[in-house]
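Each structure below appears as structure tokens.
You will see two complexes here that share chain A, one where it goes with chain B and one where it goes with chain C.
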Partner chain A sequence: MAEPSSLDVLLKGSSGRNTRGLLRIVILLTVAAAAVASRLFSVIRFESIIHEFDPWFNFRATKYLVENGFYSFWDWFDDRTWHPLGRVTGGTLYPGLMVTSGVIWHVLRLLTIPVDIRNVCVMLAPGFSGLTALAMYLLTCEMSTSPSAGLLAAAFMGIAPGYISRSVAGSYDNEAIAIFLMVFTFYLWIKAVKNGSIMWGALTALFYGYMVSAWGGYVFITNIIPLHVFVLLCMGRYSSRAYIAYTTWYALGTLGSMQIPFVGFLPIRNSDHMSALGVFGLIQLVAFAEFVRGFLPGKQFQRLLTSMVLLTFGIGFAGLVLLTVSGVVAPWSGRFYSLWDTGYAKIHIPIIASVSEHQPTAWPAFFFDLNFLIWLFPAGVFMCFQSLKDEHVFVIIYAVLSSYFAGVMVRLMLTLTPIVCVAAAMALSAVLDNFLTLGKPTPPSKVNADGSKFFGSGKGPMVGIYSSISKLFVSGTITLYLLIFVAHCTWVTSNAYSSPSVVLASRMPDGSQFIIDDYREAYYWLRQNTPDNAKIMSWWDYGYQIGGMADRPTLVDNNTWNNTHIATVGKAMSSREEVSYPILRQHDVDYVLVVFGGLLGYSGDDLNKFLWMVRIAEGIWPDEVKERDFFTSRGEYRVDEEATPTMRNSLMYKMSYYNYQSLFPAGQAVDRVRGVKLPAEGPQLNTLEEAFTSENWIIRIFKVKDLDNFGRDHSNVVAFDKGLKKKRATKKKGPRVLRTE
Partner chain B sequence: MRWCLAFLLVCFLATVSALSSSGSRLLVVLDESTEKSSFSTLWSDLEGRGYDLTFESPKSDKLSLFAHGERAYDHLLILPPKSKGLGPALTPKHIIDFLDKDGNVILALTGKSATSSSISSLLLEVDVHLSNDRSAVVVDHFNYDTLSASEKHNVLLLKRPDALRSDVKAFFDGEGVVAFPNVAPQTLGSDSPLLMPILKAPATAYAYNPKEETPAPEDIEATGSQLNIISALQSRNSARFTVLGSVESLENQWFTASVKAPNGKKVSTANREFAKQLTGWTFKETGVLKVGKIEHHLATDGEVAAEDLNPKIYRIKNETFFSIEVSEYVYDKWVPFELPTGDELQLEFTMLSPFHRLALQPTSRTETSTVYSTQFVTPDQHGIFSFRVNYKRPFLTNIEEKHEVTVRHFAHDEYPRSWAISGGWVWIAGLWSVIGGFLAFVVVWLYSAPIADNAKKTQ
Partner chain C sequence: MKPWAPFVLALSVVSGVFAASSSAEKLQKYQSLSRSGPVDLDSAAFEELTSAPRDYFTAVILTAKDARYGCLMCREFDSEWNFISRSWNKGSKPDDLKMVFGTVDFDQGKAVFQKLPLFSYSPPTFGPFAKVETDPARFDFTGPLSADQLYAWISRHLPDGPIPPLVRPINYMRIISAITILMGVVTLFTVLSPYVLPIIQNRNLWAAISLIAVLLFTSGQMFNHIRKVPYVAGDGRGGISYFAGGFQNQFGMETQIVAAIYAVLSFATIALAVKVPRMEDVKGQQVAVLIWGGLLFGTYSLLLSVFKTKNAGYPFYLPPF
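This part shows the complex of A and B:
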């Protein structure tokens, strides 16, 4: 180090600081750009299209907002869903997402950049994931002194598949902005706790309010911040900083969250929010106790404290029980129970269990979504234990809770990802900081007394790794891991998470891509061939898509707010025609839409979901719909010759296989999803007529016939139209019934 | 030839103003062998009422009820064919399709010969039953014409029927007796609300096959007023299908015949008037209802602006006004529709099931229609409701109106303000007392800072 190299001018002193700052900005921008870019696979592979199910509703709501303005969006009564109940949509959604993209759209228009609102919606998630990477940098910098930790965390967050799964271009869902808001709220919270500043506390509350407006997962923040404070209190780490941060956040944040109509009075009435209220009370007591301690001698104070704690706990608990029993405070919601008991939903609320993203996570999913971060994660958490500052306590709590939740529900992998990135970045930066320093310290001339502190330090006082081979080896390995991580993320993103699921892709034998576009084909058929207010009945999965793409009223949709209504649809689908037809008539149904994958081998079709319809219907009408009747005597769910009569007479079965046999030579009909040969004789439909079947038979639409003009039974009408002569009613036994007129 | 016919048809349509409310093209299907002239009075009566009569034989090649997928005729009168069946152009399917497309049909039967199986299966479709061997005749030993059927007792002399029920209009009533020779009886299925008897046999009548021996009592399917001489079906689209048991009653000779009932005086028949009533009703000259304007809007005192009329959306607890204009067609003109006493025109405000079912009151009258209206408060339930008027009565065409409206919830600024609710005053007071208290505290705090010097001295 005798001669200062030309690099040193840049890297040392104040200009060095500037260079590092500049580099950091460049790196962060690159990370953000990478985060955005890796989410564009879906647009490149397919097109700029809204994905899946919920995004279609969000998209439709955004269009409504942009067209009609904020106030009519706020008071929106949607008469095109949940026919005939309608939905108070403005009061039952989290408006943050739509308002965000509406604002962006208006700003762009103000800048005279005419952009289609669809493109704003498609690109919103990638854009916000860039911001998430930045927020992640800020959060991790609060946790670690190492400057590289933040950058690593930002990079991890930018491309971790666990987050990408919900934020590719077109995945216009609440999570698209909510994860950014969550991470940023946590950053502000850590800031507030560290500084004890009202300003940071208020900012936390502000972003918490934004988060509440954007995603139902805000409850996670509502519980984890009080838990953090509670643990700090239990650790005897009460400080005025925590007091100021928490009270500011709670008071302002609760007020803010109550401004969202969908949340309303939940923060003071729902059990899910009670921990925040409880900790708020507790911290007041603790603060008061601290205050009193200044005036009282130790022994009296001890006694006072004990009695006070017991008293408040008793009163508080009794009060809560009383309020819960009397119904003022709502008991825990079903989704909450299913977090603790994975079997709960399956027994009590089939509608929650029927959603695939509410299933427990399979263990490979952790590796699939997080790759090598998952094994760096414990190391990072361990490092938090080493320097156990307030913010590290937060990381530990967050890590424990979200690991559990992610194990219970696939969907909550999303909340786990940020903390995994933080912890892994901390661990990795510690390794890199140790192994990437080029210079060796000059050995101190004399052995100082400190050396005795270390165990096994007989060889010398110097602790550390100075061999360039081991440095090279370790950093080389880590570089390899990082490279594999990037490759894995890219692969997962492009192969697993970029499918719009509205458009399906498959490979032809020659390897070329074959696009299956049946959904849009059918929805556009509906849009162009049916009256504007033709009511479409389908299973609720397709409600949002029908509303968004076909623009027709639906009976049920993915906002599963009314279980009975869904069960009604389930009953109509799983009953005989004679039972279903009055239901269809009563609900003004004009068309029935079913998804059938038998021809193509598309496994996500309605017959495979059928048992859920049966279960949900059975929940409401246990006497009329019985799951057992759909299984053969040997307990098998079959659709072939051996299918039970109930199965074969159900509307769903009939609609799925109606006319299907005509595609095949006689007696050769095969269902490729369930891999069975079908009966030679196809089902006959009396009350419905086939209106449309898409190219690959994935979507089939049936029109509900009107009542017969002459009051005949539909089966008789069909027989008459086929030319069968009606048999004269044979003489009834007993006396003739007289017409009384 | 075709275009020539079509041209003629257009000319006819242009010149002849139909008196029926649903068109004037009447096809009469009769055998060549049937004496067309024996019904000449009926034909001239019908032509006098504005109908274009086309006569076709059931065997004719030209005979088709449809042209280019549309009805070629508005009404159809089928006289019983001598031969078996009505031929390939008048299968039950064709006639059902004709009715489906709003055509009206009179099917005349006769007890003289067996009814063909194709007619029988057509009638079976609409739940009208003929006797088992399809050749029964109604006889009545108390109400027969002593002049022409003193032996056989098969010419029934009946009064014209009164209203079916007290709350139903009568379309076939009047003075005089009608003679029905050789009636082929019908019985009606018991569960169809679309069927109605126009004329029932008297309680003393019964049916039997004169070619066979007297049947055993247990083989008799129906007797007395279970037998129908004339029955009618009004389908859900209000197409009318009348089955007349005795075609002879339309013949010239019975239009002017003198008859004498046992123990009665000699009178001349009222067949001609009754035939007018019967064909008039079936061909929609009477008993036709028409809905004119339907208006609904928020109840206001003054005039309603055009843009506020028939809104698509209401709010819960809105005071709402609904009116419907109904006319009735009587032979040649639209007149205001009057409800029979004891009957109600009802409005339903329905979502899945009716939330309101209200009687509509006649409020005003125009030259051709009566305006029925009512006023009500929308229920405290948001959703997609419909105004429904469902008025289906025997012999009147159906009124089935359904108008969908949305009933929305209160918007955020439609609730009463907090200070307008007396119960909220406590909270408002609490709010402002906290604010006031805090401000007072701040003031006190700011102006009561301890003097630093003194404090130091005391310490």
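This part shows the complex of A and C:
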């Protein structure tokens, strides 16, 4: 209290406004910087490297874009994946991410900043997360009158693990820019609804179009904006503002989204997009009804309205059913459908069910990703019900829908996080605004309260907090929660979300760090020791990495567009050598790559994914591959002495354990993932030979043998080489032919 | 498990040219019986139907529909089985592809159940679709099944060629009842609208629904629903363990406890933000702040400790728990 006058100068009047504005900018910049900085763990610990699986494809596509230019990228046919089919890559990807980083790279070059495209790709996600924090500030400021809510929301969004999980440095995936675009589109939409201006509506459409070009999750926006308008209509809140905003957005946004080749005519042909079209029609009718209401007396108008509603609903519904049955409008896409019928994917699309991101979410995951925001979230939703303006309706719809989606699928936690941050910031700022004011209220004399009927809003007007002990207590505990939140986020980011998963880190018994770099070792071996067009077969998880790091053609990759082709690989992996070899020959396979974690105890290996290969193959060849055969009679999945003959003879089993027993004293071989002792005698491979095994045995590469020079069977060749006596064939056989099917 | 609970479908084919006459008679007899659905067989009829010289396929389901056996699946699948055989009989198929559908209930055909594992038919014969292996193909039901899956299996065991498509009968009863119910609801709504509309338009109701939905979903209710987790489980020492071990597991009760914790925390926050600042009584406000703030602190501490049990390496905690 030494110089209250100078403080007053700073905090009151017009200079006070300027001071607050400056502070706000400084705080926002700090939040953005914190958002970027907390995502750099992996770069500091390891190096500037692309993570995981999908990012490797995006990286490869970006390299193609900056090397060959935009037009050849648009028409790109990639013959180095999905051998021998190839992939029309330019028409089957969302180009927004690659084009964004391409533009950034060109701008940097224009400014004579020489930077590698890889570094642009690695740093793109952290950079955009800073922008997301700013967009979150704008969005929340539209929702709340409190000046602190926006800043809190920006800070929450910047460091919430639910968002960091998909946007650490090196996680160069579509979500990296899509979440920013989504939040910003929602901000523009709220602006448009509030102002009823064509400009904001058109901007919404523009950013919606950008979002469509960047991520398949745009369908979420396509459905939530119509739903918002629909609920507003049901609440009797039709306004010309909503009409202008929605029609502008729908017309321009749909046209914009159809410019993306991968999306094409989906917006008018796919059921996922039909709600937007339906609400577009509905709002025209409501607008017309509003127009007519001005000219007609009440009674006639009622009758007209009722008949019109019934008629249009009937015609619309019948038309949709007719179009769906006749095939003009495609039914719901499988991924979308599996959100509603949770058992659907498991039965019909095993390839979707097999992805771990598509599993349901247990409660610890919610707390892990959102910490104390998760319990502020319902409080924030409650606050929205208190004032319930148009924009609050949006928050409520978004909150309920996205918490359902996040419960069904782990990866959709990403769409939940923004709204949790908005709601939590609204709740927390409402508390803090009351408890952080210095002034003491005077107890009011009897006031006639004109409170609303809403039960939570209390009966009287806001009074304020009297005692400074109360203020100290509450603000102190909330500061404590906030500090725990920051520590929690840092801890989670550092421990769970910063591993590149291409390079693994573990601890030695003495506590020192042990880097496991088998993946890159193996991929570089392929790059340097195999011909440029050697075809590599592996399970689809590794397709993108082989394409990106080893630069070799693959049979299947993470794009999973052709289920039959994937099932073919699954069949080759899960069948006997005699069955697999013809498949390998027919597909020109030169090398087979398997991931084996038995030596290190790395649990994400192929034998643990093996059942999915079997299941997917069984979906296409139910008579030749049977999941039941891989389980013992007691229904156990075993790899040791008691493994079923089908299991032991499968190519995957043989490749995984080939020569493994030679690492151990006789009869002591142990698989550390499944924790079992293996048979003393290892499997024997006839048609493949070991080409490379990485340092920790995580990656094993086998070369497919050519046909024998003397026309012998491969098993006979191996037997001959071992010096075994040839078994006399009992009867004369016809000439050897390559076995088909 | 009861021996008859997993019911078995046996599809067998043996055909005889030299005994064509008796085969044709049998076929005639059973096909006339099965105009509208599968033939109900007892042991003797089953023997006769599947005895050696025949040039038709038989698909027989062994089931136990009587309520005494408590085979829910048997009863559920019965209608599906009926409509498979009906679509077969009514559909158009090649002339020489003949098939008889039958049902053996445990009450009538105990003998069949006893000898089924020993099924073996000897004569290898010659005919248009004869197979060398004469054992009937078996299909073991391991879980609920739709007719389409079974039909796909049957068609795989038949010779290649066109087979009648599976036509699901239109359920007129269901359509009519749906329309009736819809009209009833519309009428009810029209009549009751003066009373119902205030309820539907009640903001408190919608707030309650939304909050409950959010609390349920964020406490992992969908996981319980999809994974069918147990409600609680024993801890092996005679007690009950409320919390499942491991980060990826949970019990039904556990999620309810967590939802309750979230609810308490949320309402404490709401009270602090909305209720307390409106209190005009100075003393009362002080007490209310301390109570709500203390409740918030204690419950959050409890939540952190619960989370610590799920995730052993979690380093953060708050004092009381």
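Following the convention adopted for this analysis, the second predicted complex is superposed on the first by the 700 of 741 C-alpha atoms of A that agree within 3 Å, B and C clash if a C-alpha of one lies under 4 Å from a C-alpha of the other, contacts with A are read in each partner's own complex, and residues count from 1 in each chain.
In this text, a contact is a pair of C-beta atoms (placed from the backbone, for glycine too) under 8 Å apart; a residue touches a chain by one contact, two chains touch by 3 or more.
The structure presented is a predicted model; accordingly, all values stated were derived computationally and were not measured.
Once the two complexes are overlaid through chain A, chain B and chain C fit side by side, free of any clash as defined at the top of the document. Between chain B and chain C, C contacts the larger number of chain A residues. By the touch criterion defined above, A:88 reaches chain B but does not reach chain C.
Contacts of A:470 after superposition on the shared chain: chain C is touched, whereas chain B is not. Applying the stated contact rule after C-alpha superposition, one finds that A:609 touches neither chain B nor chain C. Contacts of A:712 after superposition: chain B is touched, whereas chain C is not reached. Angle at chain A between chain B and chain C, computed from CA centres in the superposed arrangement: 90 degrees, to the nearest 10.
Once the two complexes are laid over each other on the shared chain, residue contacts for A:587 go to chain B alone; chain C is not touched.
In the overlay built on the shared chain, the residue A:533 is in contact with chain B alone; chain C does not reach it. Using the contact criterion defined above for the overlaid structures, shared-chain residue A:487 touches chain C, although it does not reach chain B.
Closest approach of chain B to chain C, taken over C-alpha atoms in the A-based superposition, is 22 Å.
The contact sets of chain A with chain B and with chain C never meet. Those residues of chain A whose C-beta lies close enough to touch chain B in the complex are 71, 74-75, 77, 79, 83-86, 88, 91, 261, 533, 553, 586-587, 707-712, 716, 720-721, 723, 725-726, 728-729, 736-739, 741.
Chain C makes touch with chain A in their complex at residues 152-153, 156, 203-204, 206-207, 210-211, 213-215, 217-223, 225-227, 247-250, 254-255, 258, 261-263, 265-267, 269-270, 272-280, 282, 285-286, 289-290, 293, 296-297, 300, 303-304, 307, 310-311, 313, 315-316, 318.
Residues 342-343, 360-368, 372, 374-379, 381-383, 385-386, 388, 396, 399-400, 403-404, 406-408, 427-428, 430-431, 434-435, 443-444, 454-467, 469-470, 473-474, 477, 480-481, 484, 487-488, 491, 495, 622-623 of chain A are the ones touching chain C in the complex.
Residue ranges of chain B in contact with chain A, taken from their complex: 92-93, 96, 99-100, 121, 124-127, 129, 164-165, 188, 190, 192-194, 196-197, 221-222, 226, 233, 235-237, 239, 313, 351-352, 382-385, 394, 404, 406-409, 411-412.
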